[in-house]
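What follows is subunit A paired twice: with subunit B in the first complex and subunit C in the second.
Up next is the complex of A and B:
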């Protein structure tokens, strides 16, 4: 009975924590970007102010799928958060595994694609096609990376991967797996959709792509979705390669380090064209992940 | 944030959030666009006031009209304004949207922008300095505080007047009325 109550508390607590961390990262991103550009920057709570404003506005809907698609992508993200351990808070991580996470991570771009497709704005169609092509680009190396991790630790459970790393050493500093870790860090901007891979939401080219028709509540939900995606992709990196953490605070600090490193890439690089992005994603990260997988297989056999 | 601000936030969160999160869409009709980049980038950094440029009218609630308004761009301005979500604020930047400016005699520009869409504030000058946008934003905050930046309400209430003026300038309009007339 008590474990049941603890589990339910964790199920409620974990998405809330993820949301707080994600929104904090959004605010921090704007502040750090501003400081890199030698500006003062907005207050740290600017995304919260924006969201309060957006929730009070009356959005324009373009049909039922337009409403439901964004909720679908939000739901997909929340489910992934439940499977990811955040320090010791890991509500569903015993039942799921890396394969479930891999499948559920696809729901977020698909939901956005469904929702945007209803908008009937040519910029949205271009943005969605770019986003799906980009996810095709990073899914291949991501699958290879996860395969390498699963083969190395002989498990699909993310909790066991974390505990194995805590008993030995982090996989980012162990021999064959650091190639996979490097590869994950190289595709991280593509998963987050930040520069140099912000092809799908390029405001100057295609009027922010899939977001072009979102206003009011829809934009607020899309921002929350983005916060969740930020949390998921960085938490996955910390869990797989930086050894997770014993408590949420250490975990958060590790996430912060990874995020700030990613932001420095974001602040100084221009945008790829979509075919350049695919060429890059299928060349270096895929090569690294593949080499790492082959070495691990060779050691195992 | 002092105590006064916190009570204001608790009393009217929507109004305060509108104040501090003005997402601007700017319409570079001719001149004036060169004044906008210094404001949003490192020189005068409007982001510390919560003002950021956005790409589409759906996400915007501050409409910056810089420079003269030709009849052709008036059409696009009206359509953009009608796509924005309420509450929405309009600032005319430069003397040409105020009264025609140096294009008073032109056959191809309109003289008074506020006959066609409601304008909440003006920045006079030809051209105004980029800092003037920041001053205008702080003045707009005062107006929002006193509930005086209600151009969008005026547009809804006097829609027939605005629609008639728009039709006088542009001829037949190919889009349906935003609010029911009659």
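Up next is the complex of A and C:
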């Protein structure tokens, strides 16, 4: 009975924590970017203010799929959070392991693409096409990275990957895996869709792409979804390479370090074109991840 | 004797339907549906039974045998159910066409022949049914005439090559073991040398690989699938090519057996790793070729080749989880690919086109077909909560944990290619702007909606409760000599990783309900038309732009040069060289009697010369 209560608390707690962290990161990103650009920047809680405002504004709807797509997208992200360990909080992580996480991460872009598709706007079509091509671009190294981790620790469960690191050392400082970790760090901005990989949501070029028709609560939900994606991609990195954490606070600190580092590196780059992005992603990150996997296989046999 | 009765109903029903069609259309339609449903019921009643029965004594001195076990039951139920759905779909699809009696005859004949194949207990009857299937499929592929004739010709030529290989293998087995009964061969094949087993596996591998469209034997499939009538494309892709899969299972696991099969060769040069590698290549290349297609059915055809790669990979890998994944994926592929071919067929029926560059926005006009297509592509991608996820999960998990991450990479990367073409399919047909000319399109007729709804319900049901088919598949694995899997209704329990679809399902349900509540309780949105979209202040003229054309243009430019179908070009080169050689030979027959007299004289003088010089005779 007690474990049941604990489990339910965790199920409620982990999306809430993830949301808070994600939204905090959104605010922080704007602040840091502004400082790098020598501006003062908006207050940290600006995303929260925006969201509350947006929920009170009217948006337009292009039909039922337009509504359901965005709901599916956000629900998909929330579910992924339940599968990811956050410190010791890992409510559903034993229901299929990393493969399920990998696949559940699909629901968010799929929902967004369906919703945008019904928007019938040329900018949306271009944005989605770019988003899908870009995701093909970063999935090649990402899959190699995940396969390297799973092969190295001989498990598909993310909880076991974390506990194996806690009993030995972090993957990022262990021999072949640091190559994979480096590769993950290089593709992180592409996963997050931030510069220089913001091809699909390029605001000046294609009116924010998939979000062109969103207003009011649609935009608010899309922002929340983005916050979750921020949380998920960085938490995955912390779990796989920085040894997870014993409690949520240390986990948060680790996430913060990764996020700020990533932001500083990438804030100064101009935007890639989509084919440049693919060429970059399929060159160095893929090569690193590939070499790492080969070394792991060589050690094993 | 029940198996004989089953086949008599199947074959006799096909002929009877044809005769009734000469009298009344309605009667023929009713009879076709009734027979195909009766077959489903009949097969379902045979669940759990096993046995062999001889139905013909002394054919060329051999007994022809029918045999039922878990493997053949599983295939038989898939064949008969999909056959029934196809017949129902055909009712309105074929209504305004010519030669419909012939069409229904062939359709039922194909189904009957496939039932015969999976129930055959010896290789002779297997071969007879196999040929009936190949030839009636040929007639159905070329049904539409025009380019379909060329597609059918390509199919039947490759099919004949496969059959010849099968014959060679069969005769060689007969010479070696003096029997063609499958279970008798299986019991004595252990005494054969490994070189001989390799030979047998290779000839049968070519025969079944052609049917299953494994690279490099895939070239007939894209043409045949896109030119055949839509309901038959569904049968072709869903079931008919899976007769190759059945053949592989039969040869690898029933006849040769697991131990011998895995023991052939060593390391990367073993038969098993070569077959795995072929499966992986078959996944990756066709998947990316599918991304480039603009014809909806051609896209699905290339996708079929790619998905068949997963099945081959699962079967060839040779562990119980991978085998379960492979067989389960065969079943899933039958469900979702038939569904997608039906959906494209329904769209083609209403709009007369399947060109992905000119359709669009049909979701509002054909909502049921749209939802079904959505379920179909989710299963094709393998989104959790559809049955496609479970089978792919099993395959990936085995590949990773058994230490083949590169094969797993091929399989997973293929999935991301699948996302690209699946979204292209659904976006270009159902989403985006609805062109003026399709504003009056009606929704699909009932007999087309029913099969797609049934299939999407099945996909979701088996995705949330995968234990139902997995129990049966597990029994198939056990009959091959594998350990029993720990299957529960909601997935598979094992020490190395548990799948729990109920947890995933409830999490998604609760999360979606939560977001929906937030969505409902906030300000209501204003519905707008598709013309009323944001274009940064500029005016977008109606029907001037079509956003779906060249959907993945940047990617296409990058990958297209690498994705030429070299194998197809090579086969065409062989075909054209043979043709020019033949036309060269034909010149000898000039039709002039004088020439012929000269040939005779020349030949005689050659003989005389030989005799004088060497004294041969």
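Before moving on, here are some points about what is shown:
One rule holds in what follows: the second predicted complex is superposed on the first by the 301 of 301 C-alpha atoms of A that agree within 3 Å, B and C clash if a C-alpha of one lies under 4 Å from a C-alpha of the other, contacts with A are read in each partner's own complex, and residues count from 1 in each chain.
Here is the rule we go by: a residue touches a chain if its C-beta (ideal position, glycine included) is under 8 Å from a C-beta of that chain, and two chains touch if they have at least 3 such contacts.
Please read these numbers as outputs of a predicted model, since none were measured by experiment.
Of the two partners, subunit B and subunit C, it is C that touches more residues of subunit A. Judged by the touch definition given at the top, the superposed model places A:97 against subunit C, while subunit B stays out of reach. Residue contacts after overlaying the shared chain place A:30 against subunit B, while subunit C stays out of touching range. When the shared chain is aligned, subunit C comes close enough to touch A:120, but subunit B does not. In the superposition on chain A, A:213 contacts both subunit B and subunit C. Once the two complexes are laid over each other on the shared chain, residue contacts for A:60 go to subunit B and to subunit C alike. Looking at the shared chain after the overlay, A:41 reaches subunit B, while subunit C stays out of its contact range.
Within the superposed three-chain model, A:287 lies out of touch with both subunit B and subunit C [touch as defined at top]. After overlaying the two complexes on the shared chain, residue contacts for A:52 are found with subunit B alone; subunit C is out of touch. Of the two partner chains placed by the overlay, only subunit B lies in contact with A:204; subunit C stays clear of it.
According to the touch criterion, the shared surface of subunit A, contacted by subunit B in one complex and subunit C in the other, consists of residues 56-60, 123, 207, 212-213, 216.
The touching residues of subunit C, counted against subunit A in their complex, run 361, 363-364, 374, 378, 381-384, 389, 393, 396-397, 400-401, 403, 405-406, 408-409, 412-413, 416-417, 419-420, 423, 426-427, 430-434, 491, 496-500, 503-504, 507-508, 511-512, 514-516, 518-519, 522-528, 530, 532-536, 540, 545, 547-548, 551-555, 557-558. Those residues of subunit A that touch subunit B in the complex are listed here as 30, 34, 37-43, 46, 49-50, 52-53, 56-60, 123, 203-204, 207-208, 211-216, 219. Residues of subunit B that touch subunit A in their complex: 13-14, 16-18, 20-21, 23, 41-42, 45, 47-48, 50, 52, 54-56, 58-59, 61, 84-87. Taken in their complex, subunit A has these residues touching subunit C: 15, 55-63, 65, 67, 70-72, 74-76, 78-79, 82, 92, 94-97, 99-100, 102-104, 106-107, 110, 113-114, 117-123, 125-126, 128-130, 132-133, 135-136, 139-140, 143-144, 147-148, 150-151, 154-157, 207, 212-213, 216-218, 220-221, 273-275, 278, 293, 296-297, 300-301.
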